[in-house]
């Protein structure tokens, strides 16, 4: 390669670039090696955020972001250090395509109803008593619950309970922003009124792989909330058999009317790694955001060890080698952009062949505690 | 109409028909009123079979059909009286498109493994201890379980238990026969050997609307057996809300990797009708076969009352007005050919508008007891 | 097999059959060998109809079927000798699933507008000057044109011209009748009035593989008429290369908004066989109806030679070995039920391996001339 | 809004932002108004490049980019002035999602074969005699031809002719780069050898809406080159009727095996605007790149008049009001990202209601001539 591209630094070539740039023209022969990589070289980096830090900053944020002051949500999102270059035009996102955030709502507060073309999902981390209202369904949230609000669904939150409530948000904000097709509408009132009984859809899906016959034709989100109790049962059943060498025991939340992933653009998985389980390393073109729901252990990403414990978040960028080790029974909730990459035929996966599938650890990540 | 078609009986017209018939030609102008009805006029009729009769004949069949005598299955199927005209070329089926049968297997017996392009499903009515082996998965069956063996899947049965076992079979035999594309293969040995742990797939789907990530791409039947316990939980959840005016509380078994109905050509529903519930009447182009899993009541089909109790079977033909009345809490399992009609854009539905949605009863069906 | 099924003829078994038949029950163990064949054994037979016969009978039919006498269409359809058993319940169709007919309209006549759920297509054989009105588009037909009127489209015909006009009709009448979902509506007036310019859609598709941008989303039939001139050009282009060993130079008419076959349930092909070309033999689960548009030659079907010339029709049933020989440059228009078999995953194909792909001729078909 | 967001500038809020930024955290409440716009506010701007400028720079580039010097293609691409902010991380693209470029190849030159996951298409502007080799098919290109090389197809160019050849390239480079899933492979030799006859696929599709039966199942690009002669015929046919008020007479290049747009991620349209035709204004979420193939006129984009003549290029960004006026019979070739926006359910369209659908001209664009 070097040979092939050395001419790009010749003076006459650089001069030509400068010349045509004045006319808003660029040399494709120079852009090609920069933009059409032989394999993915994402700007996004592997990174880990400690829950202690996130919780501390969320609590401080209660002084900054107050419902009466305006604004939509009290949420702090995770900025990928490798994506800081995007700040001039916006904000550093968590992966190339997704935003992950932690949101805090205090008893007595509400977060206004709105809708947008961005797809969103929610995973409940701490607390109880708060509800969300999605398209007229009020849903009381409990730790471990997974919720989705696809493109165009009204949603707002309220908290009649007694303790602070914290959840993870994940949205495809950077993708939609990149495509340039954003639409956002505030709801006429502060909060939409419930139009069906509380926790309606979760109760309509309390059993096995059956659906109400009225949901037999494609719907965006016939099931708005997936209760932890049920997801946990699923993992218990799966755990009676051999684990997947790369993912242990992992399930995907689905849309029961289409069989597709629950949120149109973001795949959401919950995986169980039994104490002592060490996955084999692989890499794929989609990127993942992990939240440690339970347990502790570490993940080796491109040779660097990231230790994690309950509440932490970490990112595995596109095409990064990664393997997990659980030091106690662990449950990892994760979101990824596989559904987006599949739309473009870009998904590829590769197993780490050497050393029986295990990377050599070349370094350790030191978390910032704040 | 009469006017328009009267000429078809004129002597010269009849003579012409006879003449061209010798050359294997027919008058389309005459076939049109016979075959292109203004609305469905199925040959299939409404009919009901008592369980006492079915059980009696199955027991007698143990003398006739013995595994050592040859043959594939000890199953007696339901012949629709309206479809007797088909006997010259085959057998009267249960509806235009489907076969429903009751199958009995005795302790110690086996039914040989085979595969065919016909799609099949099974609903367990009585007994316990028998198993089926579907594509190398041995599944022990219990009352209320639903199982599916799609096009091309090996399946055979065995019974190490102690009591006779009875289940309902439903297949698309008449449809595949009509289309003329049948293929059938016996398995090299009497029974296929298990290749995965017993009851594997049901245990992989023990929780809510999540699936093992390895099943995220379309599979024919990632879940082979749907346990009654789970289906019952689903109906309990659904029952907290308003019933559907036509179907009460009804769920459809789905393929979790596609969101489609569990069996490619046959929709399978389980519905709960609370004691005293009286549905409104409607009709649709698809035909249904009902099995009374629990309870008692009656169904009014085109004005005729069909009383049913636990174990009975009855048919609602295409485009027949029908409404159900439950005299105790009842569970009706049913299969229908909606997936087939949808492939041809033929599904239509119509509500019975008069008399607040209720038909006038003009007669009663008298069951044959044998 | 014999062994395995011999017990079906035992007296006690036959007695049992007779006994349960009284209760509208049947022995599945006996139906299985009759209906679930190891490979397709269609009732439909290979057969050939001479054009001289068809034309003669159509002319005679002008005395029988007169517009003022009532009825819908002056069309004589082809009855497959193997399907005569269906007459008790209807009419013998041309293949298991399709009807093929020849229709004659005289100058000054009209055929009333109607619509139905059956899908229909038309291929123009002789004459000129007649038009069809499909969903408000009046289309003047010329020899070699292909037209389609899918499920639910209004269509009627008129003939302001000077010479009798004859075309082939093909419909999925037997399939829809079997499924039991027929709907048919006469148009309020004798003929629907044109709502767009004459020959509108064909002119909107006069060029290459481009479509009006308004047709970018799925439509049932954005293009109603495919002109012979264009289809002929396509075959000329294709003929510059190697022919397909089984089909020579063959093209399929497509729906330009979906890429699917032009008529939802019936594939329509036009193939060119250069003088002297001899295809290899193969068989497939779909059945075909051939019309000799130009040329002469013969087709060997399951060892029997069927000689054909311009205007003739012949049937190749499901799973029948067949190969074509062209004695002059020949154009064969054909329709088949591949789209129907594909909906059920039933399509299979097999090459004739022996004797360099050629069957041994064991007999000749003698046409009935009338 | 102002009210609602004013707190974002309060000192304590800004201090908090700075504080958490140290930990790679960001305030979602601040990102929301920046990134989740109430309607699209693309960075991309309307802009126009004169052909005289492009041709001049391409000729100068022959001194800079010489095959023996290395590099892949002698192409100069169009940089959207509004997207200069992207330069820190790459290059300013033509629209948010696409690259458009002009490529020049001289007699005797070759451009090496390579493949990549980016989708590409080509529209021939000037010259003759050059060929491209796409997946082993050598295609000689003529003015007005449209060619496509989807994701993963090998392609390279050669020029045995006598005059310089120029074409437009359009690729989804920025989209794939954003998603982070790039793969690129050089071909083992300089140029792939032809494996089929020259201009094979175009000759296989010389007729109407029919396809070779071997292409009936989905293929990425069964037709690699769409000849201008055929596209022109299509526009002539369409031109006999009423023009579309927004697009005149416009056709889309399609993949004949799927009915989808010819290039998976980029829609390609050719439209004819008769002399004097003035379209109505509308806007949509997809963005377009126009190339003036023939004629002259102007386009009003968000009130600004852009005059164009043969060879020019101009961009209509997402959600920009636009209307065209043709001063002579004009043919506009355009590409857009509608297929990408549709994958995310983001496409919306709006008609300009006031002033009979016409904008008020508030300014004129002054082209840079160089």
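The letters A, B, C and D name the chains in turn, as written, and every chain counts its residues from 1.
Just so it is clear, contacts are C-beta pairs under 8 Å (C-beta built on N, C-alpha and C of every residue); 3 or more make two chains touch, one makes a residue touch a chain.
Not measured: the values here are computed from a predicted model.
Novice: By the touch criterion stated at the start, how many steps lie between chain A and chain C on the shortest route?
Specialist: 2
Novice: What's the minimum number of touch steps needed to get from chain B to chain D?
Specialist: Minimum step count, chain B to chain D: 2.
Novice: Through what angle, to the nearest 5 degrees, does chain A rotate to match chain B on its C-alpha atoms?
Specialist: 180
Novice: Report the chain whose CA-based centre is farthest from the CA-based centre of chain D.
Specialist: The most remote chain is B.
Novice: Can you check whether chain C and chain D touch via the same residue numbers (shared by over half) or via different ones?
Specialist: Mostly the same residues.
Novice: Please report how many Å separate the Cα centroid of chain C from that of chain D, as a whole number.
Specialist: Taking the average C-alpha coordinate of chain C and of chain D, the gap between them is 43 Å.
Novice: Counting only Cα atoms for the centres, state how far chain B is from chain C in Å.
Specialist: 31
Novice: Of all residues in chain A, which are in touch with two or more distinct other chains?
Specialist: If we look for residues of chain A contacting two or more partner chains, we find none.
Novice: Of all possible chain pairs, which ones touch?
Specialist: Contact pairs between chains: A-B, A-D, B-C, C-D.
Novice: Where on chain D is chain C touching in the complex?
Specialist: Touch list, chain D to chain C: 197, 200, 203-214, 216, 218, 223, 226-227, 230-238, 240-241, 244, 247, 250-262, 269-270.
Novice: Under the definition above, what is the set of chain A residues touching chain D in their complex?
Specialist: 3-8, 12-13, 16, 20-29, 31-32, 34-44, 47, 49, 53-54, 57, 60-61, 63-65, 69-81, 85-86, 88-92, 96-97, 99, 101, 103, 116-118, 151-152, 169, 173-185, 264-265, 285-287, 317-319, 337, 340-341, 343-348, 368, 370
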